[in-house]
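There are two complexes below, and they share subunit A, which is joined by subunit B in the first and by subunit C in the second.
The block that comes next holds the complex of A and B.
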């Protein structure tokens, strides 16, 4: 029942979005602007983009091959830095840990910087239920939070909103005067959040990388909101997937520009913060305590499947979303998952269940554009095929397997093909008489079969 | 924390059952010269040119001063032009020398809040820093290729100083220029004294609204870098 509902909802939402010209125009405009800066940056900055992504893939493969050992090395070094490393098997496990942190530090107010893992945990809803005031600080995340929506895109969560819509949201929720100026809108968010950073008890962030040899986490951002989130409140909680490791701090030389290029077309993200833990006894500021939750939540399942394991190389740049013709048509919300687009279609069924989410593997034309742009060379479209196989095995359909057998049998007999087409033409004429509106939706069968044409035209 | 060790054992157990490595040597550190087409091989003048171009492209400001006096005069002019009077700064030899050694800056210094990023005794409230119009800090290094500044919590007045005020003014020297990030990454690996470091490239920005670039999203709207060619014997 559940599988039918997610799947059919996907189709319903797709039909609406695909026909929404305003939505499509906005999306294509944003993605075209992204495409041009990314192409430029790849040429300007790298000797050879292909070999850079090859190197990055090799480093991430080394991480996956040695994941348990590197996680332990990371934990040892992070603990020595004063960070408290916690492990969460699944969403319930992570929620328990967050609850304990809230109680231990008497947390009343939370400021968050962008974190996709917190979307997996539906952390905003969770905190709201506990009566904790929670505000997103990334501009895009703030916009979708105030609009009671989910992020639309891994990197640019509010890319589907126009200035006018954002003005309306700010007017309604923050009570400010309407303006259609992007700079003024940004200023409203800036002013509103200033007091929040200063008064929040807990700052929650994600992490783009975990450095095994340094025991530190990396946060990449352009706005400065993550720096403030991790500088001002007295407690910092970071949440990261267990696959986010890099072996060494020196790997940043490649991975910072790589992620910036693929994510936003920048040479470097404005702020790359390396955080080792809470403030040191001699330091003047910073949180007194820092926690890091290492989240599994289905990643070990992906790890156990050789055909899709390489999807754990992902550095969440969002390039495959921007390249995907299906994403560009149906938009981010249609997927109804934190991770949308090709990477979402690959990992979501393994994180949340193939039965309910297997249909996402079919939200692809298998054109391979996703694989071409991936900075860590994940063979995404091959994995979508693998998922299709697995989804099919999970929910075998007697109708389809018998229908395909019949089809295969019929195709091998000329007599059946020709007469089948004749029957279809007759059926269409009848349908046109009885239900012309329905007949309009169905493609017309050819006037004659190819073989009969060939017989007549053969010299 | 409750159930934590059992979760750890479960996760590592699941991974170990399918792990293929164990003992393989890590891949060699990537050489910047092999990856990047825009890595300068030149001397400090060429590095400065590249750094300056990169920062300017990002709408940051770069100024070059020949010596300390010129830098002091420049800061006096920049603050006067910008209507800046309420400032915070880091306690650091080069900044102490500038603000205490030159009369041009004495008015600015008299209203200055000075912060020691390496001293927990200075409990300065967030609001003091938030209300400042400009923050002055030093840097660890300047990266020419990307126009980046490297700040460390212990050597840039802590985590807040360089991000809360709307203008961040950095005082650096020509000698701090490096072609790539790698030399700095190697140095800080062994220094365990700091808790946070940020590689800053351009002023705070966002493109979250219709991909229109707006500066000063949550951090500084203006980033000013003053590079002093010859800061004198004691400070070089």
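The block that comes next holds the complex of A and C.
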């Protein structure tokens, strides 16, 4: 009964979060502050935001239409650059590859920069289980790691934490003096991390883009931690989804500002690194070896379904989460999956199984705010509708499918509709007497339908 | 006299017939020959949104066949709900894709006009004159804003109403949390969303909320009642009929 349990746990968590006023107000406030800069940046940085989206969508569609060829081109060029390109079909595959790297290079300590694919692989738990000390270096990721939590958001993993809470976490785990000053808190993390970069054997990162023509990976960040993570340790392992490709390095002129604007309302992220491989013979710094795991993990399934294939355009900017009234009500943890919000609800059922995760498709009012803001024009809320069709076909909810069958039968006959409503009205009167609180949740049918009013007054 | 057919959404039919009556009054005020067919019970959206295409088709097929019947084939249809209009215009072609009704369903969609589209098409916006001394928030439904692309058209409905101060509580449309069966399946989330929306409206110090969708109105009324928001929530037609003193 796994399906009932993910679904019912989702409902339980969502009820708690939705009723938590403090949580809702904080999330709304944090996101509103992003919204205003994002809106501003769209106007100032782009002559025409809509045509920028259109172009980006076209480029990503070109990638998807030519995915096998572009992946091969990327692999050839990356290999020529000195990268060791590895392929992982699923989580188990990726774990085996990581294990081999750990053993081959005698890895004892790992430092990580932000990577959502590593969340798919639950890499922190995997490494911990092998007795390997692992520390996140992105400030937000570090905070949630120290708090033994999962990231709250694709882009801003600790958006749900206040300065006071962060201070308490640092005091408890790093043994520092409490402070509610954001700069001091950042300083504490920085001091702590500097030591880690120097002593770690392996740096693990994600990748924001893979450039097919250049054979390089892109990492966008604001703290410089990814540069240190990928440059200091003697081995660098990057993990990226196979959909992260861009055809050419020239596409960055659009995609760098596009991602920064949509994600955080910046012109550009502060550090944009193009990494072509390990240290070259004449270079003093950098890792001796660089691996790149290209992760499928369900992406081929999405690729094979025409109705949802365009979801692979996603550049993980998080804009749809910020726009989503459901996300803003329940927050990231409620989803219990690395990718939350609208994009999570679209792709998770295909990555992890419709049976267990189909409820995410229904947990939406289909308002379409996500589709409005998506920089690569993924029709997210329409994909939720097609997910619902698939979920219904695979594992129909007995209650709702029977209810709607009855409803559809009734709706084809005016006589049944009006008499059904009359019966419902009676039922409601009873309910009001027996359970007034429940009755408040259901609207009471009118004494007379419009149809019967018309019959009496107009015919 | 122009003929026009009313499409009365199921929620108006069963819960708020007074909204349908108000629309009738408004149309008659402009001397339309108003037609109504009681077999138009619902557009079928609840089943469509649940992913149950068979049931959605069963209901929608009736709508398509009634609207295409000989006596009504040339009659424009007016619908006081952005959501039902979106269903019939945008989603019927998808619902009937590859079905015998495909062509007919596409034709139906282009004939159905949401209230503000209808009033614009028949050049009536300038004739909506009246007075209403209140500060009012307009809640645009997500379907009319995002599926029908009616983002600011509603403003024109109220421009001739003297004394009415129309407030748009947010730069982008914000969902009230209704979402059809969503509000039953995920009650907590839906309630939280409604509270956010109602607070947003209340914070603009309005005396009333109007909307173009009975679904939003129903949901916001329920939650406003549960949570003690003292804000009347009505359909734009009801406000117009009041302001224009149509009896």
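Here are some notes:
In the analysis below, the second predicted complex is superposed on the first by the 403 of 459 C-alpha atoms of A that agree within 3 Å, B and C clash if a C-alpha of one lies under 4 Å from a C-alpha of the other, contacts with A are read in each partner's own complex, and residues count from 1 in each chain.
Please note the rule applied: contacts are C-beta pairs under 8 Å (C-beta built on N, C-alpha and C of every residue); 3 or more make two chains touch, one makes a residue touch a chain.
Keep in mind that what you see is a predicted model, and the values were worked out from it rather than measured.
Shared-chain residue A:263: touches no atom of subunit B or subunit C.
In the superposition on chain A, contact of A:272 is made with subunit B only, not with subunit C.
When the two complexes are overlaid on their common chain A, residue A:254 makes contact with subunit B while staying clear of subunit C. Contact with neither subunit B nor subunit C is seen for A:298 once the two complexes are overlaid on the shared chain. Using the contact criterion defined above for the overlaid structures, shared-chain residue A:55 touches subunit B, although it does not reach subunit C.
Of the two partners subunit B and subunit C, more subunit A residues are in touch with B.
Applying the stated contact rule after C-alpha superposition, one finds that A:151 touches neither subunit B nor subunit C. In the superposition on chain A, A:443 makes contact with subunit C only, not with subunit B. In the superposed model, A:318 makes contact with neither subunit B nor subunit C. Of the two partner chains, subunit C is the only one touched by A:417; subunit B is not.
Once both structures are placed on chain A, no subunit A residue is touched by subunit B and, in the other complex, by subunit C.
By the touch rule above, subunit B contacts subunit A in their complex via residues 1-4, 7-8, 10-12, 14-22, 24, 26-27, 29-30, 32, 34-38, 54, 58, 115-120, 122-124, 126-127, 130, 146-148, 153-154, 157-160, 163-164, 180-182, 185-186, 188-189, 192-212, 214, 216-220.
Listed in rising order, the residues of subunit A touching subunit B in the complex are 26, 29-30, 33-34, 44-47, 51-52, 55, 58-59, 62, 65-69, 71-72, 81-82, 84, 86-89, 93, 96-97, 100, 137-140, 143, 156-159, 161-163, 166, 182-183, 185-187, 189-190, 193-194, 197-198, 213-214, 222-225, 227-228, 230-232, 242, 247-254, 256-257, 264, 266-286, 294, 296, 300, 303-304. Interface residues of subunit A, counted against subunit C in their complex, comprise 11, 14-19, 24, 28, 39, 323, 325-326, 328-330, 361-369, 371-372, 385, 387-393, 400-401, 404-405, 407-409, 411-412, 414, 417, 421, 440-446, 448-451, 453-455, 458. Of all residues in subunit C, only 8, 10, 12-18, 20-21, 36, 38-39, 41-42, 44, 46-56, 58-59, 62, 142, 146-147, 171-175, 177-183, 185-193, 196, 218, 221-222, 225-226 touch subunit A in the complex they form.
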